[in-house]
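Take a look at the structures below.
Each of the next two complexes has subunit A plus one more chain, namely subunit B in the first and subunit C in the second.
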Partner chain A sequence: MEGLAIKILGAVITTIVAFAVGMTYGGITRKLTARVQNRVGPTIFQNFIDLLKLQSKKTNIYHGVMGHFAPMWIITAAITVLMFIPVLHPGTAWYNSWFPNLSFHGDLIFLLYMMVFGSLGMALGAGQTGNPNSAIGVTRGLSQMVGFEIPFVLALVALMVQYQTTSIQDIMTVQRESGVWMMFSNPFSFLAALFASLGMFRYSPFDIVGAPAELASGPVSEFGGKYLGTMMSGGSIFAFIKLTLYVDLFLGGAYSIPELLIKTFALYMIPVFYGWVNPRYRTEQAIRYFWGWPTALGVIGLLIAIF
Partner chain B sequence: MNTLALILLILFSGAIVAFLSEKVSKFLPSLIAFISITAAGILFYTSPADVFNFKLSMAGLNFTLKIDEFSRLFVHMIIGLSWLASMYAVGYMQNKERQGTFFFNMLLSIGGMLGIVAARDLVSFFVFWEIMTWSSFLIVVWTGADFRRTGIWYMVFSAMGAYAMLMAIMMIYSDIHTFNIDEIIAAIAEQRLPHLVEASVLLLFGFSVKAALMPLHVWAPNAYTQAPAAYTAIFSGVLSKMGIFGMALVLLSMLKFANPADFSLVYINGFIGQILAWLGAITAAIATLYALIQTDAKKLLAYSSVAQLGYITIGIAIGTPLSVMASLFLAVLHALFKGTLFLAMGAVERQAGTTDMTKISGLIRRMPWTFFVTLVSIISLAGVPPLAGFVGKWMLYEALITNGNVFMVVVVFFSSTAAFLYSYRILFGIFLGQEEDDTAHVKEAPLSMILPMVVMALLLIALGTYPGLLFDPIAQGMTVLGFENVTWQMTVLSNVWGNTVNLMYISTTIGVAFVAALLFLTLKGRKGSRNVGTKDISTSGEIPLEHENLTYQLDFFKPFERAASPLYRRKMTKIYDDLSNGLDALFDFTRKIYTGNGQTYALYVVIFLVALLIYVQNTL
Partner chain C sequence: METKKDSQTIAEYIKNWSRKHSLFVMAYGTGCGAIEIPATMTSRYDAERLGIRGAATPRQADVLLITGYLATKTLKRVIRVYEQMQDPKYVIAFGSCTINGGMYYDSYNTINVLEKYIPVDVYINGCMPRPEAVIAGFKQLQDKIARGDADNGTRYKENLDWYRANQQQVIKNWRMPDYNW
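And then the complex of A and B:
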């Protein structure tokens, strides 16, 4: 019973850390982007302020049952995936005391599918609002997903086949025992996955889903108040999840929170930097982008892995 | 009397009674069909397992029917889905003309399918196969719409498949003089069947037609679309699985014993399996691409069925325990979710008049139950946890990865991801988007139609956490196919590398998180909640007028289509059309020679004689 209590406490702490880190990274990005564009920009805690404002709105617009469920699906998916990803190396002191979670009961294939769960809910909610921009945004998002999933899956399959496992923990263990990060032992797969991450984070040039000034923020355009706030929280947790997944798979995982923060932040800046110097793609350009070099790199990585 | 024979007799005589009873009342055939299937089902489930044995000698042939554990899995599917679909059909077919013909053929094809899975000799197998094909053909052309593209395609391909099978059966008979499947398997094991490979390929060809495998799939989309929804559920749900049943028979029971020494080039079983698996993967990918550009919901589902059958074929063709289990699991699931989806689209068609997604939108408030079952089946189809589809997808991926078919995994993954696109398309196209005045009168379908769909949706939810309920009969069936020690657990999936997924943890985590979020979002600021309709929106600052409908329906995935344009360039139907045009030209040319005119033939005789004379002269 005590073990279960600690696990639940650990789950809550994991969630809070993920949420705080994701929100702060978002804030830092806003600040940095502003400075690059020669603006003053908001404080790095602006996202928390925004969230506080959204959650304290007195009136909320109810768009129907799917619109009501959509934010729940997002936050549910975010928390569930978080529970199945090892935030730190299992077995280390930090992990045992603060982050015991369920990662060994799910594997990579499960994660791939679970990460879609939230997007599907979002898509349905956006559909019910009746806003045409929302539906357009959703179709763009889904199309882009077919784009970047290909190099991503190629990279993951390469890892899975080479190390004969589908579990994240085993892949982390391989890196711990050999001392070589996957980004060095499987560079092509890492590059393919890295390119895929550009699409996952939806910064420019892949911000076709929200597409400011074109789709008026797309799927979320009709949401406000507590709904938007919940979506924002879910999105922040998801940002943390994706970064942690990449750190676990390719950057050798992390043994302590500071290490995790350094690695995730470094990874996070790649799509952000890439976005600063790129305008927005059209949808088909974005898809073609992922089916070009990233896929070729993924195939090379996979060929190396099986031979 | 023999129970198995009695079940078949009930179905076939029910068919005739249903046909005749139309004269009495329009309502009667549907009721008789429902009662016959119910009776057959009760008989099947109340009898002990060992009574399903039937032998008949006639005209020097021995007909043997027997339901073993593997057939039993398919019988569950046939009887279960047919029963639900016939319950649904009572309401669905109400007020339609020529119901007698419809239910006559429906019962015939159900009886035919039961005969196929029970057949233990190739003659009865073939007879029941043809009963099934012909009755389903008559239902496909029942509406009479678009006969040329639907009926003829279906008939031509079915006939090709049937001839291939007949040839294979004759080859086998000329080799070992028996039709009995058990004796054939024994003969293969003793290497007494020289034409094994040819016969297997021909049989697989016949089964591939029914399973709508590329490039033999062109009949399927139209046939699935044209048949009435109550039957399409059976057609796509179980009738197409007869192809899978046959493939399992050939690949797993017969070819397993092929002697590798006979074929110096490659180990034939693995080779045929690989080709078939790749065909399945390509079918899945291409059919998915075509599904997502459809604007008719039923046609979209038809293409999606072709794609799903591709996955199922892969599993059978790879032939490892996990892949076969995945395949059979997916086969049952496909019957459940595609059955539900076709029934749901039938309900939409009946209530709103069309399934064309460019014409209707925003039905979620009008038909909430239909939306609910569609949503559950779509989530299962897409393979998103925690519903049952994930279990099947997971096993298939793991089977392919652990087996080293890495590039096939990527193709399968591509088609599954692209399947999200059409999954969303169908949910959005019919149920979401702005509500229209034209559909304001639409009401939810009657209870007798909702109930079967809800039953299947609940099964999909339950199997998502407790797939063991289904692993049990599958594992028993696989034992018959020759897999030893098939292991399974109620809520835990595992692959050969020892990696596991615990569905109980997943469902619990999702459940806890979802309930917490639900309570938070529902209770928080409940008083300040303002309900709005779908027209009360702002698009870039503008508010649409009452009569304006802004739902995005046309060219839904145009950007994706543009990106994937090379994959859309070639169409199999065009290739067949070209082939038939070429044959036309050839026959026209032949007709120029064989004119049927006596004088032309006389001229040929003269020319021949002259040529002969010249030849003889020269040689002398």
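And then the complex of A and C:
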């Protein structure tokens, strides 16, 4: 019984931490973007205020069952995936260990499937709203996903083949024992995954899904109020998931929360920095981008891993 | 005298505080005034530091910003946009054209008084108002929200018949979908 209570506590705390970190990173990004544009910018907690406001909207338009479920779907998918991510290295000192939640052996392939689940919910929900912008946004999003999933999967497959494991924890253990981070021992795979992350975070030049001026924010264009707030929370948790996954796989994992924060923040700034100096791509340009060098790097990484 | 601000419950106070500091603006760029919006939003006047940010669609927006004269044809779209927004929603009318018709007061196809067609929270006068004035207008709206008496969405629904009658007076080919809000 006590074990169960601890597990539930672990799940709740992990979710809260992921949410808070994801939202704060978003806020810091807004502030930094403002500073780069020579503005003062909002506070770094602006995203929390926005969320509070969205949740306190009095009315919410109802667009049918799927439109109602989509935000819930997204946040459920986010929390489910989060449970399978080892946040810190397992089994270090008690004050440095984190709840294992559901992370088990063989979770990498499972994660690859589960990570698109949120997008699927978004696609179905956006489809039901019947807004043409949403439909265009969804097709763009799926095309972009086809683009960046290839280098991403190639990078992960290279790791799985080289170390004969599909477990994130095992890959973390390999790095701990050898003392070399994967980004140094498998640089090509790391680069491929890094390029894929540019598409994953959807900052420019890969903001072709949302494209506020062109598609009126795409899939979410018919979602306001609480729906939008829920989606925003789900998105923040997803950001934390992706960053933690990258840190676990390529940056040697983390031994304590401050270390995790430093590493994830450094990783998060890469798509943000890249976005500041780039305008938006068109869909086919984005796909060509991902199927060019990133995929080539992924293939090279895979070949090195095999031979 | 007890003002409305003092009688707010704590929950209401927090909600209004968040509403005040997070205004998603649907800038409906009618008329010449729209040219001041980029200046207000970008580096020099930076409205985002006050939590004001652009919204892409009416569903996500809190503030409808009408920037200038409204042709009857545009008014129809404005009403559609306004009705798609979610409560609580606010309208800021911008420029003399929305107040009394401005220099288009005798035009054959612009409306003169916006207040007759949708409820307006804050007027910013001037032809056209500078970004400082726009930000002052937003400040006024924020104060109104904090006081807890910016609830024109409800007022619109309660007096829908009156507004509809006015709207149909100027929009002759009234073919509009019904919204269930």
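In this text, the second predicted complex is superposed on the first by the 299 of 307 C-alpha atoms of A that agree within 3 Å, B and C clash if a C-alpha of one lies under 4 Å from a C-alpha of the other, contacts with A are read in each partner's own complex, and residues count from 1 in each chain.
Note that in this section contacts are C-beta pairs under 8 Å (C-beta built on N, C-alpha and C of every residue); 3 or more make two chains touch, one makes a residue touch a chain.
These numbers were taken from a predicted model, which means no experiment stands behind them.
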{"item": "Partner chain(s) touched by A:194 [first = subunit B, second = subunit C, both, neither]", "value": "neither"}
{"item": "Partner chain(s) touched by A:231 [first = subunit B, second = subunit C, both, neither]", "value": "neither"}
{"item": "Contacts of A:243 with subunit B and subunit C, given as first, second, both or neither", "value": "neither"}
{"item": "Partner chain in contact with A:58 - subunit B first, subunit C second, else both or neither", "value": "both"}
{"item": "Touching partner for A:216 - first (subunit B), second (subunit C), both, neither", "value": "both"}
{"item": "More subunit A residues in contact [subunit B versus subunit C]", "value": "B"}
{"item": "First (subunit B), second (subunit C), both or neither touched by A:166", "value": "first"}
{"item": "Contacts of A:42 with subunit B and subunit C, given as first, second, both or neither", "value": "second"}
{"item": "First (subunit B), second (subunit C), both or neither touched by A:123", "value": "first"}
{"item": "Subunit C-contacting residues of subunit A that also contact subunit B", "value": "57-62, 133, 216, 221-222, 225"}
{"item": "Residues on subunit A engaged by subunit B in the complex (per definition of touch)", "value": "55, 57-66, 68, 71-73, 75-76, 79-80, 83-84, 102, 104-107, 109-110, 113-114, 116-117, 120, 123-124, 127-133, 135-136, 138-140, 142-143, 145-147, 149-150, 153-154, 157-158, 160-161, 164-167, 170, 216, 221-222, 225-227, 230, 282-285, 287-288, 291, 302, 305-306"}
{"item": "Touching residues on subunit A, where the partner in the complex is subunit C", "value": "30, 34, 37-42, 46, 49-50, 52-53, 56-62, 133, 212-213, 216-217, 220-225, 228"}
{"item": "Of all residues in subunit C, those that touch subunit A in their complex", "value": "14-15, 18-19, 21-22, 24, 42-43, 46, 48-49, 51, 53-54, 56-62, 84-88, 153, 180-181"}
{"item": "Touch list for subunit B against partner subunit A, complex", "value": "362, 364-365, 368, 375, 379, 382-385, 390, 393-394, 397-398, 401, 404, 406-407, 409-410, 413-414, 417-418, 420-421, 423-424, 427-428, 432-435, 495, 497, 499-502, 505-506, 509-510, 513-514, 517-518, 520-522, 524-525, 528-535, 537-540, 550-552, 556-557, 559-560, 562-564"}
